[in-house]
């Protein structure tokens, strides 16, 4: 619940920038809809400090608290080979030591000096900690972005044309791939989406839960693979 | 040459706003008409002259020979059947009734296999109907029950109901609601506000349930009625009750399913029940452009709308006994004159087996499925294209069709008059 | 009788139990319902308790454009809730189908076709504040003097 | 043991204790910059239907012909509050959050145009598209009344046995025809480009 409060701070910033919390309708072909004002950027930086402080404390709770750390260490272990064989992606894979992050190849992230967060334990604790560490990493990335944001036009124009494209991006849960086919006026004719949860849930069902002995640990193991039910229920 | 305001002789809508471009006695372009009307106007495969079956082959004959053959056939027959009449103009239908009386035959029109049950129901409980213009200008709720106007009457929606601007309605296009009741999701259902999908044969139950709801007895309704949930029925009933003016249009989905004319009777009683709360009307979606006219002509000349038997010398009407299908199925008739319809494509197999055994004369501009059964086919002018005549729209409004081009073909009325005159002469002799 | 009714009114207005059912949503409205639980909005300060057992719920939050698989299950859930009960549609999807209300999508909105809906909270997704105020305003309307109204 | 000490230290922080006893939840208000449902401003609507065309949600906005001129109406059960209509409106009739201020400041705009396509093999020529088209209804009231038009100014018309598109440039992209075509024969393509206004225009 307290983590959700931190999330509210993040959503506040999102709302200040785009005007709505979740369905932001912010990006358009060739640019974005609204510019980031200096005062908004300053407020955002200030909030980042707050978020970082709170997250440090929460991370401390996780790392040292016996209720969470001891209960999740060594449970639901998925080793590197299994993770690769199950085609896991995102934090679930990275917690098992797999080098798997599309941001490594993305030019913008390269410029920002992105490095992958990797842990090798492959248990529930590692999966949680990878996510925590990625939050700090993201905070750093946002700071760097705001510092290096150039002035200038925010819209370059641009149209969707006929074509077929398949693009994978790194979503919070892992690699998210869209294959879109459009006709000559940019209308979508055919679309296929591969969500990360599909592989992660499979991996959870087949390799993580295998060694779990207590029924109470099943839930935590399942949650630690961060499944998105809506993504699978398409 | 462009003929403006021509009347489309295809479906019961009788669109009277067609522009036809004529060049060298050929229709080259049709504006405003739907796909069905355009195809009829542009129809090219017309027969050149009357044909007579000669063994396994067709022989070309003259009009005089063909008319003589038909007159002889009818005169020598014990119980001739004069069937069709929905695809021809009212004047020819008049002659047809005279002929039937002359030869003491049975005259029946296509409504006995389409909207006959509607007529039976109307005879029982009356017809709370109105013209299409009233619906267009006043109705804010239109129900299509068992009919698919997009395929059968394509311009019905855009000219009279869904999309038309109403004189007494503001924002008619947005405010007018359309409910489609059918057993499958038809194309009309795609653009309806509410689609009620019922199980085949469940019309009567759904209509009764709606009547109960309108009477305030919602609690007696089970959870689903013929595949429709109670909530949806209540919603539909409320839509009907809250409408200022509602119109029900029903098609063969209601008349020719289990329950037949009792379905229509129930629908009419639902409408009169609704009329206690608001104004409601009900009308049939008549198929052929002049099938309503054949009912009208028959009624004013004989007293009965279809299936009239003159064998007793006076008009006798008993649906189920004197209708074409029954007469053919019982192998009663021994000659048939088919005018402006295609029974071979629609009748049961048993009837067609008998139709193949008896001499048949057909009056039709185009070769069709019945051509295979007939001994003589006489090509005639198409009403609305190269012949004039009166036709009745589906709401009973007579509309004079126009002649858009002149050809050498004789019209239905001319052919039938000559036939009738020949028979009169022969009988006087 | 009226004293008993008053007690019932007081108790019911202080403890509204909420169950939520996701009938094919994109996760957006789910997360906003979840955000109601956060200390920022703190749904429990109003006496609203979220738990997903329809047997002990008063209010059913329906989220998502209805997928065909959910139709019968949704009805079952609705019937399991004891009277008095209300259903609140959260977001555009259960109201109109939102962006899924077009041809070719395997959804059958609106949810009103299947269960009676007492209140609708439009928005894609609605703000947690809107969800909260909707629950708070609709629940008393139904529950106040429920037994009296039944008669 | 170490962790118990950690937790004790955590929960007896002055900040935490203060929060625990005195914290108040936020009142149920939306911030001023929240993009709520678009509301009408004082400006007069010209009925250009740009808002309808850019709307990504089906049936969320309609420009209605009221007694005293045109007026856009938002249907809350459909609107996803993206604010595109506010941004696209050339007259500034609608307002939501601070979109109008921001676009004026950033000098951003949308430029849009439309293409119409009819698939003749699917089309029944029922005329639903021609009659339902709001632009057609405006140009030729006779069309809405009778289903036919003699005017050459309309966007499309049933002519020569097929739907003929006469004035594609007049299309406002509202997709009414597409939604009312039972056979999906007519398709509207909306071409929208996000651009910066020139200095002179702004």
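Think of it as A, B, C and D in the order they're written, each chain with its own count starting at 1.
FYI, a residue touches a chain if its C-beta (ideal position, glycine included) is under 8 Å from a C-beta of that chain, and two chains touch if they have at least 3 such contacts.
On a predicted model such as this, the values are computed, not experimentally measured, just so you know.
Between B-C and C-D, more C-beta contact pairs join the chains of C-D.
With each centre defined as the average position of its C-alpha atoms, the distance from subunit B to subunit C rounds to 51 Å.
Computed centre separation for the pair subunit C/subunit D is 29 angstrom, with centres defined by C-alpha atoms. With centres defined as mean CA coordinates, subunit D is found 31 Å away from subunit A.
Looking at subunit D, residues 34, 80-81 sit in touch with two or more other chains. Residue positions 190 of subunit B are each in touch with at least two other chains. Contact of a single residue of subunit A with at least two other chains is seen at positions 23.
Pairwise chain contacts in this structure: A-C, A-D, B-C, B-D, C-D. Against subunit B, in their complex, subunit D makes its touches with residues 62, 64-65, 123-128, 130-132, 137, 141, 144-148, 157-161, 179-183.
Every residue of subunit A that touches subunit C in the complex is listed here, in rising order: 1-2, 4-5, 7-8, 11, 21-23, 228-231, 233. The touching residues of subunit C, when paired with subunit A in their complex, are 22, 24-28, 30-32, 34-35, 37-40, 67, 124-125, 127. Subunit C contributes residues 103, 112-116 to its touches with subunit B in the complex.
Across the complex, subunit C is touched by residues 190, 229, 231-232, 235 of subunit B.
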